[in-house]
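Just so it is clear, A, B, C, D, E and F label the chains in written order, and each chain counts residues from 1 on its own.
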Amino acid sequence: MDNIEQFRRYRERMNKRILSTKNLNIKRFFALDTRAYEKGALDVKTKEILGLVASTVLRCNDCITYHIIRCVEEGISDQEFFEAINVALIVGGSITIPHVRRAVEILDECRRKQKQKQRTVRKKKEKARPWSRSSLQ
Amino acid sequence: MDNIEQFRRYRERMNKRILSTKNLNIKRFFALDTRAYEKGALDVKTKEILGLVASTVLRCNDCITYHIIRCVEEGISDQEFFEAINVALIVGGSITIPHVRRAVEILDECRRKQKQKQRTVRKKKEKARPWSRSSLQ
Amino acid sequence: MDNIEQFRRYRERMNKRILSTKNLNIKRFFALDTRAYEKGALDVKTKEILGLVASTVLRCNDCITYHIIRCVEEGISDQEFFEAINVALIVGGSITIPHVRRAVEILDECRRKQKQKQRTVRKKKEKARPWSRSSLQ
Amino acid sequence: MDNIEQFRRYRERMNKRILSTKNLNIKRFFALDTRAYEKGALDVKTKEILGLVASTVLRCNDCITYHIIRCVEEGISDQEFFEAINVALIVGGSITIPHVRRAVEILDECRRKQKQKQRTVRKKKEKARPWSRSSLQ
Amino acid sequence: MDNIEQFRRYRERMNKRILSTKNLNIKRFFALDTRAYEKGALDVKTKEILGLVASTVLRCNDCITYHIIRCVEEGISDQEFFEAINVALIVGGSITIPHVRRAVEILDECRRKQKQKQRTVRKKKEKARPWSRSSLQ
Amino acid sequence: MDNIEQFRRYRERMNKRILSTKNLNIKRFFALDTRAYEKGALDVKTKEILGLVASTVLRCNDCITYHIIRCVEEGISDQEFFEAINVALIVGGSITIPHVRRAVEILDECRRKQKQKQRTVRKKKEKARPWSRSSLQ
């Protein structure tokens, strides 16, 4: 199981557990946390990049992983990613380097997953269209 | 002298002093710091907002002051400002509140300065055009 | 104007300003922050001491000032205060010492204010009861 | 081997190793660390909760694990635990969430161990008392 | 009153106040703090430079001020100072820059005081030796 | 595979990956990071000890591992190591203890590797010199 999948399952399981408690304030905080990244004057991608940079300077691997997954879903380019990481690296210094390594590792995993998905989608389409161009050649 | 002016003078004086040393590496780091916020795949305003959020979660008043001045120069709206600050507040928690207070104080100072400047510019224009519409009425 | 009064006014003024914005999420966070210290399974004094220790290890003077004011209102003894500060000092190390100095300075200001208030209350009572024991002697 | 057992063994082995060095000051610091949580004006449970909140806002998983084990030994209730964690979450922000997940996981492990122990104790008692109520029914 | 003198007096007054409490553990920690910088396998100057770098990456102005005063007393050269500050700047990133400014300001104050003192000492010697070379010429 | 080897390979692989990006500023920062520890007015060993203490108070296991490997290569003694760690422990408090445990574990691994290497070197020498003293006896 890769880093992303492992993180996703643990996060989902524990969030469910935490939200099962009677403590209303914790639930409210989790709700506010979600709302902070919703579209407003700033778009969702920008807000997720803000979350990524904040997580990197504060050096939290799980938070970095989460925001990279979200940034990729929102269509961040590699160049945008590395510029954001560079801001975090300059602000936070070399102590963030181990987290920069982790961030790049997670980005690469996300890109591989994206490609895999695109290939699966393409194959499905081809199967659904036996008269498609490639099969005619 | 207001907070912004006081910060600006101290910063300028001390940066000059630091860059007068023979330590080449410190100078190079200051240059890299400047470059991190230059236009690339991400525009300058977005990068300054990244700097603002990073400074707020790391709780550094001088860095917050600097990035707000720059954000205002790059045309940040009040709504964008408060959404960015909210991300920082959620990520960083109530321990950032004293810095949020400071950030809002500095934003208000910047807005006052902007208005003052606009009035001065308008007055100068009016003086320079004695035939202007308002003087004809 | 003493440290406490200066802090109180600035805090009140800026909180009012921040809560005047249209950003609903920031207001909600401020509400959650208040609720965190309300009576529950843990009593209010214990929660304020938790806030004090958290503020000290995270090294935020304004937060320390706020929680000491509240701890004193909730009846913290000097011995309890110093034991809590000692936990913070051991967990957070000598880097917290400047904040420990500040904390003790604020505690001493609070104690002086308490005594002043008690004297004022006593004098008022004596004036209101011209037949009081002390005036009869 | 569960998280708690793994932590306990590593901690014990390395503490022994560290205390075997000739550096007297390190040994003295370890002694002071122990003393900070002993009964005084504040009781032991309160002090361990202080340690838990301080560890959570400073985001140290091993320290969180240690103080939860101690809090459970001192009889913390689930409601008290979640109120303390909520204070840490509000003070420290969403960056502490991965540590809150860990804290809840450790609490759950501790509760399972408690139940297991109670069952073992009950069974032993029943064996020792063949005339016990349940065996008569 | 300059930064150094102001810091010195406040520090001395508050340390005396803190050490007047009955909390034995706090006193012991202050003693351990002093011992950490005493001569051992590493000399005092190296240890004070360690303290300076630790204080800079942790961003505590009072701690920075204290360790610079001590580094200067132990004969640190300007080149050594800037190399140590550069390590802190690289490790801690641009968020430390406001503290680097402060550090350089304090170093400059220390150097001015050193020169003043040397001049005073020289003058005293000259007065004490009316037959000195310079007065003969 | 031991901790050191695992760290070394991951670090090498990811650094190569990061330096393969087109982001020039990140590459420049990595270069500056290397330069910060080169010989100057302070020698290399002292600078690596500075890096170790900074990494410990900032609580980054990978950075601690890296600087211990380098400190051992530069000939740090056990006594020097524990004095430096003690400064970090006093400055950073008990929250650094899990990282102190890790640091000592890594030091012990390094010492084992050193001894292994020395034995291998000695054996090779003996093989290369069949007329050596020990074989003559």
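Following the convention adopted for this analysis, contacts are C-beta pairs under 8 Å (C-beta built on N, C-alpha and C of every residue); 3 or more make two chains touch, one makes a residue touch a chain.
Remember, it's a predicted structure, so these values are computed and weren't measured experimentally.
Under the contact definition, chain E and chain F share the contacting chains A, B, C, D. The chain pair with the larger count of C-beta pairs in contact, out of C-F and D-E, is C-F.
Residues touching across the chain B-chain F interface largely coincide between the two copies, over half of the numbers being common to both. Averaging C-alpha coordinates per chain and comparing to chain B, the farthest chain turns out to be D.
The angle needed to superpose chain B on chain C by their Cα atoms is 120 degrees, rounded to the nearest 5.
Looking across C-F, E-F or A-C, the interface that copies B-D in more than half of its residue contact pairs is found at C-F. Averaging C-alpha coordinates per chain and comparing to chain A, the farthest chain turns out to be E. Look at where the CA atoms of chain A average out and do the same for chain B: the two points lie 30 Å apart.
Our note on geometry: chain A versus chain E, Cα centroid distance of 46 Å, whole angstroms.
With centres set at the average Cα position, the gap from chain C to chain E is 33 Å. Contacts with at least two other chains are made by residues 25, 29, 32-33, 36, 54-55, 57-58, 63, 79, 83, 86, 89-92, 94-95 of chain E.
On the side of chain A, the complex with chain B involves touching residues 32-33, 36-37, 40-42, 46-47, 49-51, 53-55, 57-58, 63, 77, 79-80, 83-84, 86-88, 90-92.
Considering their complex, residues 59, 78-79, 82-83, 85-86, 89-90, 94-95, 97-98, 100-101, 104-105, 108 of chain C touch chain E.
By the touch criterion stated above, chain C contacts chain A in their complex at residues 25, 28-29, 32, 35-36.
Those residues of chain F whose C-beta lies close enough to touch chain C in the complex are 57, 89-96. Of all the residues in chain F, the ones that touch chain A in their complex are 10-11, 14-15, 17-18, 21-23, 25-26, 29, 33, 54-55, 58, 60-63.
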